[in-house]
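As structure tokens, the structure follows; a few thoughts come after it.
Order as written gives the chain letters A, B, C and D; numbering starts at 1 within each chain.
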């Protein structure tokens, strides 16, 4: 681990959550998911299309702002990443604010496309670096996008897993519950329990999240860092500094 | 449009955005009309109801900070990598503006409904979001095309009084080149009046070249055009220039306080903050 | 799409249009895939259900004449200034095909509904047309967003198995240049599979030039591409070549009889008329 | 009249039916309405936009085939022309066929956009050169677009007048009835009555349709003929032959 930066571990771990698919899309301001999508693409046997909204090179939409959502509705986007100021134990996410809406004590930007993408994209991966009882709560103050839907409500997809700075937690929508699948190196399952505001399934033995191997690190630090430099120059320079 | 087209001065253009109007503006990736926004602030616009298509960054924040906005329908206001939008956040928490929270595809659908002059468009997803608790104008119905229980959301048409955006070029007939930023066409189609600022005039007609025509918005949707060089700055303009990162970073810091924002307003826009 | 894109032979492309499929084709002004249509006829396609977006000329007529079509949803089939479509007219009167009569905006709305994966789109007008008597799939409801009596037509989504059209260019990544014929994008978005023939390959990526990007259909909507020079002829292709007026005028005359059409089929397409 | 071709009379007469508007659109295969629209444009004091679908130069749509209909829905198209294989006394038009649909004895191309445009365009002008009991019937066999709508049905526009090779007949939707306003030179009101399969209002005295004045003929034969030559070359060559 000494040789692996946290962002590299997270990108590789996110990439491991991505099934074999045709099209991975990454929303705004998401450098680590972008790195994960490009890593998945680089390691895939078949052709994988990656859309990174922040990029010019990785964004071939030509039908206006609605095209991301229409393409997702058509089933053409297999994987999307969502964050949350708060995420709760039923995989509901809050992007709006803290307090009793509309009487908020803190205001965040807003829902963006989350209430829609969480329904139409088969594999939604939740990603939030900060793993604390402040971010992972029993019940979100505002449900921007629900983690599950009652029977009879049309829903193609939804959250499949949550990746944080501490752990990997798959989500079972039928049981409305997360499970601790692995803990990142340097932390324990007990650390995760203490830092999590909701209940989740904890197996008797929890493995350590594998660190990226040399070949993965080579991809991240080489071709993927070069690609990220186009649209996330600050991130790329910080995480993948060009050797002097 | 015939050869009688000619651009008008920027101040005359923004004079057509009258107090209280429902004003549509694009996201920062598709031609934020920043020069026009500064002119709007200088003329002391009031009680604008803003609808962002679907989100906004600096533009909404300074309009709100300057006291021009009473209400905003939006999927998000943020400064992106530079953090939350300080004036927006402050105004919401102080209840100085009303926020009508939405989500990107619902805003797009509302504009498409208006484009077709139908009362609504149906949309999948979203059901179960707390957005619905606060959107009495959104309606959940049983899908009338299905036999069983199939709840479906209907999004009402959004019909702005005026759309305002910045684009690279207008040609000599008044057609606007929007490239692949096609939400600008939808915004224009859906709005009663469309006002456009452009970087420059194009000598000829886009329709003389099918390659240019593919990115054109026909003149008959456009009510007035003003030339405003670097009219999107410090936000970027597609295919033309990048955002001024230093400006935005400095803004995010300075506007964190009321006093800082007032200083920004005076220095960058030449406007005093309107009385609250 | 990565650099692994490469076009396939025309016959391999049309092999993906299987008997019985719902096949979407554009109007003659937006890339009629005539070379592919001739290949389809040569391979003896059967029981195609055709949907024209929104009308058709020669393409639908020869597909019908050659016995490839069992059903057609269309706003009109005609040879335009050269008169009625002879094979279409004959087949309808002899009840050899089923016609599902529609109107242009309803077909566009059905494709847009599919593009958004919603069950229907509402549409104004049309009420009182006899079309409704024969379209049990169209539904008139009381506008659920209004309080009073406000009848409104709902048009169900049209989701073709395969879309087939001709365009000027594909680039090295498999993106298709459609210019301002944006119905081609909608058709591709709405269809399960999209097959495209092109005049030629473009050496590079349309996305390296925002002017070309504005007219591009992204490769991820496209399942296969074949190069077919003058692939729309004798119909015209936007920005490329005009219709072959003499050919169309002669066709209109020759196809007036079954025998004349059979001669045309043998001579121009190299196909015998399929058994009825 | 000796000096005025029938097509010129019809184009000028159609142009006279067009109110002062911003945008006139002309559908496919309509050379005389196209000439009328260009004539109205040439004589208008204010700027008039003319869209001729058949043309490249007069067609600035860039949003695909739906744009004509969407623009009309938005109220941006003030005038449109419709024809009809049959037109009846309530201004219903038939573009589909003769007989008891679907058991037709004659089949025509189909409805195109008529069922929609007849509702959303304020001023629809019906145009059919052949004026006979075959074309102007008591009741159309198939209503492609109704001439009027019952109360409560949303309708912005509809047929305002019918122009034929014989006469000009305004339509009153509230009374569901045509009125004979003028008869073209060389014909009588009685000719019109005999050639019309439906009842209509016939004033005691019916004026003659005015023939185009020299200035109008100059426009038609000069700049408008030149414009038509782009997209209706056959028509232009036949009606406005270039002097040898």
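The rule is simple: a residue touches a chain if its C-beta (ideal position, glycine included) is under 8 Å from a C-beta of that chain, and two chains touch if they have at least 3 such contacts.
All values reported here derive from a predicted model rather than from experimental measurement.
Touch-path distance (fewest steps) from subunit A to subunit D is 2.
Between subunit B and subunit D, the least number of touching-chain steps is 1.
Distances between chain centres, each the mean of the C-alpha atoms, put A farthest from subunit D. Averaged C-alpha coordinates give centres for subunit A and subunit B that are 29 Å from one another. Each chain gets a centre from the mean of its Cα atoms; for subunit B and subunit C, those two points are 36 Å apart. Subunit A and subunit C have centres, each the mean of its CA atoms, that are 40 Å apart. Touching two or more other chains at once are residues 109, 112, 116-118, 123-124, 150, 152, 180, 182, 185, 213-216 of subunit B.
Listed for subunit A are residues 61-63, 73, 120, each touching two or more other chains. Taken chain by chain, the contacts fit none of the simple shapes, being neither an open path, a ring, a star, nor a full set of pairwise contacts. Contacts between chains, counted with the stated touch criterion, involve the pairs A-B, A-C, B-C, B-D, C-D. Against subunit D, in their complex, subunit C makes its touches with residues 27, 30, 53-55, 74-78, 80-81, 84-85, 88-89, 92-93, 99, 101-106, 108-109, 112, 123-131, 134, 148-152, 180-186.
Residue ranges on subunit A touching subunit B, taken from their complex, read 28-29, 61-66, 69, 73, 95-97, 101-102, 104-120, 142-146, 149-150, 152-155, 234.
Subunit C meets subunit A in the complex at residues 1-2, 4, 114-118, 175, 182, 185, 189-190, 207, 213-221. Looking at the complex, you find that subunit C touches subunit B at residues 109, 112, 116-124, 139, 141, 143-146, 150, 152, 154, 156, 178-180, 210-216, 238-239. Interface residues of subunit D, counted against subunit B in their complex, comprise 22-23, 47, 49, 56-57, 60-63, 70-71, 73-76, 120.
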